[in-house]
Amino acid sequence: MPELSLQQALNTALRHACEDDDRVLIFGEDVGTLGGVFRVTDGLQDKFGEQRVFDTPLAESAIMGMSVGLAMAGWRPVPEIQFDGFSYPAIDQIVNQVARMHYRSRGTLGMPITLRLPSFGGIRAPEHHGESLESLFAHVPGLKVVSPSSPSEGYHLLRQAIADPDPVIFMEPKSRYWQRENFDPAAPVEALPVGRSRVVRRGRHATLVAWGAMVSRCEQVAQLAAEDGVELEVLDLRWLKPIDAEGLAESVARTRRAVVVHEAPLTAGLGGEVSALITERCFGEMRAPVQRVAGFDVPYPSGSLEDEYLPSIDRVLTAVQTALEYRRG
Amino acid sequence: MPELSLQQALNTALRHACEDDDRVLIFGEDVGTLGGVFRVTDGLQDKFGEQRVFDTPLAESAIMGMSVGLAMAGWRPVPEIQFDGFSYPAIDQIVNQVARMHYRSRGTLGMPITLRLPSFGGIRAPEHHGESLESLFAHVPGLKVVSPSSPSEGYHLLRQAIADPDPVIFMEPKSRYWQRENFDPAAPVEALPVGRSRVVRRGRHATLVAWGAMVSRCEQVAQLAAEDGVELEVLDLRWLKPIDAEGLAESVARTRRAVVVHEAPLTAGLGGEVSALITERCFGEMRAPVQRVAGFDVPYPSGSLEDEYLPSIDRVLTAVQTALEYRRG
Amino acid sequence: MYSAMPLLLGRADNLSSGESHCCTVGDPVRTLSFMDDADLRELFRLMVVTRRLDEEAVALQRQGVLPAYAPVRGQEAAQIGSAAALDRARDFAFPTYRELGAAVALGVDPVAYMAMHLNIWHGGLYDPNVARLAPPNAVVGGPVLHAVGWAMGAKLDDTGGAALTYFGDGASSQGDVHEAMNFAGVYRLPVVFFCQNNGWAISLPTGSQVAGGSVAARAAGYGIEGVRVDGNDVTAVFEATRAALEHGRAGGGPTVIEAMTYRLGPHSTSDDPSRYRSAEEERLRAEQDPITRAMRSLSAEEIADVEEHAADVVRKTTAGLHAMQPPPADELFSFVYREPTAALLDQHRAWKESQDA
Amino acid sequence: MYSAMPLLLGRADNLSSGESHCCTVGDPVRTLSFMDDADLRELFRLMVVTRRLDEEAVALQRQGVLPAYAPVRGQEAAQIGSAAALDRARDFAFPTYRELGAAVALGVDPVAYMAMHLNIWHGGLYDPNVARLAPPNAVVGGPVLHAVGWAMGAKLDDTGGAALTYFGDGASSQGDVHEAMNFAGVYRLPVVFFCQNNGWAISLPTGSQVAGGSVAARAAGYGIEGVRVDGNDVTAVFEATRAALEHGRAGGGPTVIEAMTYRLGPHSTSDDPSRYRSAEEERLRAEQDPITRAMRSLSAEEIADVEEHAADVVRKTTAGLHAMQPPPADELFSFVYREPTAALLDQHRAWKESQDA
């Protein structure tokens, strides 16, 4: 079984998608000759030619607007925006056009677009290269949003996103591009419906909810807690729209406590939504309010402050402890 | 005491702001000769001249980017974007520039910008004219966000926003532009700190949390409920960033139940944040999980479906009932 | 007629398409490779139909039937002339919110088109794939990029199809329009950027909008063709558009056409132009009214014939609009995704229960 | 030198300003109204300082001192020539992430500038108001609009100040750049749109980026001035910029200057240009290296003198960078607002407690 990094797994998924469906087009800034700044599209132009895999001029709104037109002409666009923070110039096309054309046209114009977006922080990059836009995207009717937490997840979720008939924002946790895993992308897997979460580790004292790079951080926390006899369940939400409300409720109904962890700033982050969904469903069973561990309400800082900004193992552990020690006032 | 509509109150606030501070500049699409499509800037160009009040070409990103440069040059820009849905083309400048220049420059470049944004639905307008972007804006560190619910609130909050040294998104509930109120804008008022909410009506059985046009809807609900002996507190959040967590907690600690009401789609809407904030602070006291009544997770629909989309009195009442009848499982 | 259908339920393939109802409007214009007298008269006919429908829409708005409307008065030649040059077998057009004339020329059922203004559905009720006309787009500048993507798709499929995108003088200020011209130029795509310079963007005159004064002049900066035409001369518009489409098909790349015309009416029925322009200006520009101009070349008999036809279309359209029912409230939850998500089904269910309660 | 200061605490007014430390770098260029031999030698000197600092930064990145760096090699003449034309009493410049040369010319302490690449603070540590240089901006195209707003502000205050905004050939594709040119054209603002066409935007050559091939040629479409200059000729760049600034001050409106140059290095230290361009191309372009060209007009003695000075600046900068401490972690919560909000104070407090625990 090959060992693949997330970056290689995504590259393989793109290759397989192009092989299986000749309507798939891959484009964006530097995705052709260079193979993308993270090499996720490496070798694809050589293999599929300049018509199927091509560089665009430097304009994110155009990349997404062009995707709308290509979809209207029957293609299946898989554009890349180079970094999270540079999707802001394309937000109008994403929100007002990509997400709505199917609706506006009463279902006559399908928008099977997958936007690949290297996302989140943790790599000490320059300004605008460490942003977490999931709550913005998850708020937009018509979009689906997903983020993988491992190479195999990356492979399968990207295939699923590209095959999906609706627009999907595919948020790649860039700090995990070099993470490796043994798995065979060619092996058949059970197709899960869009929106299904995944229990990564079973536990009974509290549920940690995370996505993207924070999943492995939560696994580390669970590992440490286990040494103290605390058994934490780790739930990889995966789909940030639609959110697996049932999966959340099923887990928290058992563990009776939950901590949600994300990189984006706390206020109006997706943690609020997760917290509300859990509380609405499990209020009676819960022994403590859902705890949120998130980025602070500050701009994503420069590298030297990054470790303080991101949810640390300590901060998650503190939140777990708060949840465990909570007594109704 | 004059009777002023919200639109007149805002117009008066702009006039007074221009009179009090000759660094205030007002600009945007059609704000000059026409006085704005809602006439909020009516007569201001005549009074203050074409240098202080001027029309721009049709480009929202430029309007906000220009505001950044004007602020750097020591001006106090009060731009207008004509409608909520057309702020998307300016999101990059708002998020990556307006909200961050003060931070990026370590406080050397102030950004006292007030973006006036006719917002929310309810007027049977064309597509993109009924959007609620508060959760997007509230998520952005460096921004402040406020929405008035009445003419007097509109006057004072707009004055406060313009006087504030930080960028403020001022969301005007367009369905309330013609609502009237007797009040004297010239009368001195106690200056409240930014971020303070307001109890509009006292009650003891549950707290309704709302902002913008939904405040008066909640007042209607409270009125109806009172006829059945149910006393609802109505809390006008006003500031959507920073949010008055203390005010929320104070109210719900008394009433032990809360319903949050907003026009934006449910998922990842600000209701999730409000729900989480309340639950984090009042879990022990609460008799029921916070209920959310919001727009559905669909694009803002055409006029004929608008009434079904917006939180209706019935839907809010149903949520109140659910909260009142809730029994821990 | 569409409005005779019982309900607006279901996907758009159940709905009115231009194809099946166009006969009530006047035949959709056939693809013209050159223009003879008969063709020209057909274009005049469509222009008059557009004018009368437009007048009726304004009247219906005053009567409270239409909540709002954006009049096209004065721009009939620009729209009919350009849309008539399209090859409906392979081309595609991208309108804004003011392209009734283009819709008429492409044979779209006016009722299905007007459904947008009746607040039935934002994108109208016609099938864009049949009409070869994208749904009306209210984001100024936004759809221009779609034309570029569509043209690339057509080129990749080697269909010979070209895209035509409508936009205004105001829209020319939007970044998206620049990005679109640049992309189309880099990839040499068959796109016609058709700008209706109607003198105004709501209250802002073109002179304060377009630095340099000409949208067509922007083309040279992208190394692409740019032409200005008299937008009130339907023949000139037709010829320029036809040439640009052929140029694109032949691999020559995009063209910017700036059709100089005038918005004779208000920006929309809630606008008051007297606040920003003089009656004198309006009067002067009305002298170049493309309909008056067209009428001049028709005989009294022809005019009577055309008007009768237009009146017939108007009558049917009005009847259709009066008969049209609001969509069933359930449609609130339709079309968001190809298949509704679980969350949406939940919301739909909860909503239904609250309806039944 | 800045790095000698104990801590990076506090507002930027406590921090290094170009003003107070420039003497270690070479005097900031004084405002030149024409160029004599002495001036030219001063520009050469600044170019060499920039080159040596750039080389040192690349070396420091290899040694793991700087996490990453975006080399300016090859663009020294374009940056020094343009920045030297600014009147620091009233003008203001808006850089991207690759404007070390402009910073040097404006007398910014290289340590305060490089703090950005050292991951200390995104905007560097210099005071923009003193340096007359906005904080480096990493959004391609974004700051171009700020120059327009700033120029309008200067014009309203009638200061005679002009704005100069740097951007790349890649950035010219962004909608914001178009909107900026149009606004500046409509309002006739004193803005110099200074494009460094360095042949590449990461891996995309200008030919595939800029439809029509020339950014300067875009100007005509806005009715404004556009010129192309040899970006490796510091005198030509200086003269063109000076003329454009004067043109702006005199009310003539904006100018687009396209300085034709070449990015001799990789896009950034993590880039590998061999994936997209040939060594042969690089070799050929290196022959036009502006530093080599400048050196040719200097005597051996002058060269020795300039290099000695540059080496001195490099030594001090390196020492400063080595001595620089990361900001105190508390700064995570600083500068978000003029005064922190209650929510932020809460978060800060909770964070502090977790630190102390």
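Going in written order, the chains are labelled A, B, C and D, and every chain counts its residues from 1.
Everything that follows uses one rule, which is that a residue touches a chain if its C-beta (ideal position, glycine included) is under 8 Å from a C-beta of that chain, and two chains touch if they have at least 3 such contacts.
The structure displayed is predicted, hence computed values, not measured ones.
Counting C-beta pairs in contact, which comes out ahead: B-D or B-C?
B-D
Tell me, please, which chain's centre (mean of its C-alpha atoms) is farthest from the centre of chain C?
Result for max centroid distance from chain C is chain D.
Provide the C-alpha centroid distance between chain A and chain D, rounded to the nearest whole angstrom.
The answer is 35 Å.
Take the average of all CA coordinates in chain A, do the same for chain C, and state the distance between these two points in whole angstrom.
Here the centre of chain C sits 39 Å away from the centre of chain A.
Residues of chain B that touch two or more other chains: which are they?
57, 59, 61-62, 85, 89, 92, 96, 103-104, 127-128, 141-142, 242-243, 267, 296-299
Quick check on chain C: which residues sit in contact with 2+ other chains?
Only 121-123, 139, 173-176, 179, 182-183, 186, 208-210, 336, 341, 343-344 qualify.
Name, in rising order, each residue of chain A that touches chain C in their complex.
25, 51, 56-57, 59, 61-62, 64-75, 77, 92-93, 96-97, 101-110, 141-142, 144, 165-166, 194-195, 242-243, 245-246
For the complex, give me every residue of chain D touching chain C.
173-179, 181-186, 208-214, 217-224
Which residues of chain A touch chain D once you look at their complex with the stated criterion?
29-30, 32-35, 37, 55, 57-59, 61-62, 85-86, 89, 124-129, 266-267, 296-299, 301-305, 308-309, 314-315, 318
Over in the complex, which chain D residues touch chain A? Could you list them?
My answer: residues 67-68, 97, 116, 118-123, 138-141, 170-171, 173-176, 201-204, 208-210, 270, 275-276, 326-327, 329, 331-333, 336, 341, 343-344, 347, 351, 354, 357.
Under the touch definition given earlier, write down the residues of chain B that touch chain A in their complex.
Those residues of chain B that touch chain A are 61, 85, 88-89, 91-92, 95-96, 99-100, 103-104, 127-128, 135-136, 138-142, 241-243, 264-265, 267-277, 279-280, 283-286, 288-292, 296-299, 326-329.
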